[in-house]
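Chain IDs A, B, C and D follow the sequence of writing; residue 1 opens each chain.
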Amino acid sequence: MFAEAAKQIRREHESLSRLDCIAGDGDHGTTMLRTVEKLEGTMETSSAKTLNEILREAGWAVLGVDGGASTAILGSFIAGMGEADIGEESDCKHLAASFEAGLRALLKQTKAKPGDKTMMDALVPAVQAFASAASSGKSVSEAMKEAAAAARAGADSTRDMIARYGRAKFLGEKTRGSPDPGATSIALFFRGFSDALTQMKEA
Amino acid sequence: MFAEAAKQIRREHESLSRLDCIAGDGDHGTTMLRTVEKLEGTMETSSAKTLNEILREAGWAVLGVDGGASTAILGSFIAGMGEADIGEESDCKHLAASFEAGLRALLKQTKAKPGDKTMMDALVPAVQAFASAASSGKSVSEAMKEAAAAARAGADSTRDMIARYGRAKFLGEKTRGSPDPGATSIALFFRGFSDALTQMKEA
Amino acid sequence: MRMKKFINDPKNLVPELLEGFTLAFPDRIRLRGTNTIVRATPKEPGKVRVVTLGGSGHEPGLSGFVGKGMLDSSVAGEIFAAPGAVKVIEALREACAGGERALLIVLNHAGDVLAGNIAMQAAEREGLKVKMVLTQEDISGEPGDRRGLVGCVAVYKVAGAAAEKGASLDTCLEVAERMERNMRTLAVAVRTATHPATGQPIFEMGDDEMEIGMGQHGEAGTGRMQLKTANETAEIMLEKLLADLGVQPGEELLVMLNGAGATALMELYLIFRRVAQLLEAKKIRLLRSAIGEFITTQEQAGFQMMIARMDPELTELWDAPADAPFFAKL
Amino acid sequence: MRMKKFINDPKNLVPELLEGFTLAFPDRIRLRGTNTIVRATPKEPGKVRVVTLGGSGHEPGLSGFVGKGMLDSSVAGEIFAAPGAVKVIEALREACAGGERALLIVLNHAGDVLAGNIAMQAAEREGLKVKMVLTQEDISGEPGDRRGLVGCVAVYKVAGAAAEKGASLDTCLEVAERMERNMRTLAVAVRTATHPATGQPIFEMGDDEMEIGMGQHGEAGTGRMQLKTANETAEIMLEKLLADLGVQPGEELLVMLNGAGATALMELYLIFRRVAQLLEAKKIRLLRSAIGEFITTQEQAGFQMMIARMDPELTELWDAPADAPFFAKL
């Protein structure tokens, strides 16, 4: 899963940094690159057994990256996912619950909501799309495909928003016109997850 | 005398600074401007009676200017002139002795000689020309005219020299091709003295 | 164009710079874990620990203020990026290892606050006695959501002095919050800096422009205008600060001027001169001052002006001895 | 293009900046006559006075080192221009007013030396007991005719400490000369500065160039080359310094890194890290260090690296307490 997300980020990190230059400090791509490298390293050496353990470990690995706002948000989300009881990965409903637990954990860290031009604009619709696909009985890989599409749509929608959180908020109107880098990363993560699941199914 | 020198400096100070930019720190013109202003101010308020007193006072006034190398040289020269017994200004021989006393005082302050691309390249020939005119019985204004011509020729000759003193010395070969700012100022001073004497004679 | 900085591989910037820092002050500070700076000689057991966190690239801030009478430890992040929350938790654990209590001082920037909050939640779960204070004195933002700028140094100073004297955590927190409430900062920038990791300018600015209200990482301000003289700039900034803090004649102020990097101390002296003149004319007392480079933004040109209303207790704490590598009081 | 400095009328730069300086440190220094800075509380009568002179525009140098354990007074000239000899004479007269003796420390630059010499001759005529020492440690020049760079700060420190302890003028002079003989400095520049009075750049440099051997006012050096990394630059400079001073394994060094203005402390840390590593590899002991901005050249980018061979007495004097506005030792 994380390996495919890493692929996406590796391909796009320069454009992510460029996006962050517009209203932020231009480091989002390198931060995400360090984040996926840390995730891969952690997964390789991990002795975690259950998916809960793996997610908690992955989340705290991300929280260990010096990444500013984005790693704190992403790490809290992943670690929060690990707090829910997930059971087997293939269980779509459990995974949906886990995503929702991740979102709940995030509410403790940020007041940003969809519409504020942050990672939440991709994360919230992705989780919602996954949950509704799950409740309508779809497979994990199908649900993830829908989540990825929702994340992408959410990220794209940030283009016309004004930033209300993070470094960009001080720029006001000037932030309109380009998508939020953090939301774009989230979309890439979900795209990676979806690709990984599709490959697993095909294999 | 100093008023006419001041006129010359005022007219040329920008080009003097530009000359100092080439191999120095670009402040020679403004330094000379402050110097002649100080000289004029001192002369206006001075209660000195004899020419010796006036020269000593003028010299120390220049030594009071924050001007770096050039004011120390010029001030020492003028103050040194005041150490000789001059008598009346119109006495050409006494004035020649005074100029020579100025040069002697300078030898205590700098090892620079003609050929080293400094003020000495204008000062030494000017004093020599004045002295030889004096010893051949010429008038003060004629002697000063010859001194001014010698100073100008000396200043012009610095164009092809390599600086061996002051800030410029570290630039070596690169200092060739433009005249030394300090020598140029000395030529302007003597030109001013000569103009003043000519005007006095005409008046 | 290559950036004109003396660096090696930008990937190793932070560990290398902290290594150089510890090598320069071997008798004062130590490196712990990944990029945390602690005192070489820990404070006496039992006394409150004062801890901070924040991005690198602002040297001497923040780690330059670790030392007797100021900070116990500083958790450094990447260039302009908050440290990971995990490192903050570890620093709090170490600070409280002997059962001590700790005060965590955090500048209000999204990443720093997130890291601080996550660490505080973890610390509470572990039963550590830790309190957090946010500094947010940049008047270019709306009250309630302001950035933390150089004022943190004053908070380190007074909280550090209280802790050194053996004050309780509640007292240290109260002192820190009082200093924080009493202070206001405004920044001005005239020339941009290059981000040492990306090689990109952190903002763009015209040849004859300046910007009042600029943040510490090139975050845009609100007052782009024609370049002004030292006197004019001092007047504009001081007036805004005095108005925001509501300073009355007869009150006593601490004034800090913090050079951004390329603005010469000469210029800060000129600004300070005008500030002193204006305060005198308004019958406001210039009680204490600090002038220099405390929290820089690489080779950016500009400065931060901070004013703080002082009371006798804060003044005494400000005057107390301190011996950090970049902040000493005898 | 307007220069991007916070100044007022360039004509008043020096008096204004010194006024700001004295307003910032009212309990430590005073302004005397035209642009001379003296201690607020004079040293005990009878002790040797330590005096310096030099151009302005290098803040905090030179006047920032007036204070207990360092200088008694500093005669400031115009921007990058030596003070007039008259002011130096007046400063020496004041220094010796109670019959004290004085040591005049002068950096070897044409104008400064001329002013110093003229003042010394006048002082001798007046019967004052004054000795002068020239600092000339810049190895980019030929031995016997080298410029004085940041090393003067170390000479102020050890001579000032000796004088504070009550040493005789001859002893203070001997200590100053020993420190001077033992030290070597080399400067590197990567970006020019604007002369604050003329508005002109003080030298020109290509986008990917650096120059080793640059003087303190943009005087050209000898080593223009492609920009190097921090490690490479540290190696090149340290090797030249060690060779010139003839340092052997087992010897003990003081190392100073002096930022020119726009070079970040972060970069100095990186340079320092490499210097420490190289010295360790050569089994040369890094005994003491000082890192920061001591003598700047406006917003020039670059730095000076100074090394000095230390003996026990010089080390003790270096370690002695000092309390100048920009140099403190507890």
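Note that a residue touches a chain if its C-beta (ideal position, glycine included) is under 8 Å from a C-beta of that chain, and two chains touch if they have at least 3 such contacts.
What you see is a predicted model; the values in this text were computed from it and never measured.
Between the contact lists of subunit A and subunit B, the overlap is empty. With respect to subunit D, maximal separation of chain centres occurs for A (centres as means of Cα atoms). Annotation: 29 Å between the Cα-based centres of subunit C and subunit D. Put simply, the C-alpha centre of subunit B and that of subunit C have 55 angstrom between them.
For the pair subunit B and subunit D, the distance between C-alpha centroids works out to 32 Å.
Each chain pair that touches appears in this list: A-C, B-D, C-D. Those residues of subunit C whose C-beta lies close enough to touch subunit D in the complex are 1-2, 4-8, 13, 16-21, 23-24, 56-57, 59-60, 64, 190-191, 196, 207-208, 210, 227-231, 233, 261-273, 276, 286, 289, 291-293, 296, 298-299, 301, 303, 321, 323, 326, 328, 330. Residues of subunit B that touch subunit D in their complex: 17, 21, 25-27, 30-31, 60, 62-73, 75-76, 108-110, 165-167, 170-171, 174. Remark: subunit C residues 14, 35, 55, 77-87, 109-111, 114-115, 117-118, 121, 140-141, 195, 197-198, 200, 202, 215, 217-221 touch subunit A in the complex.
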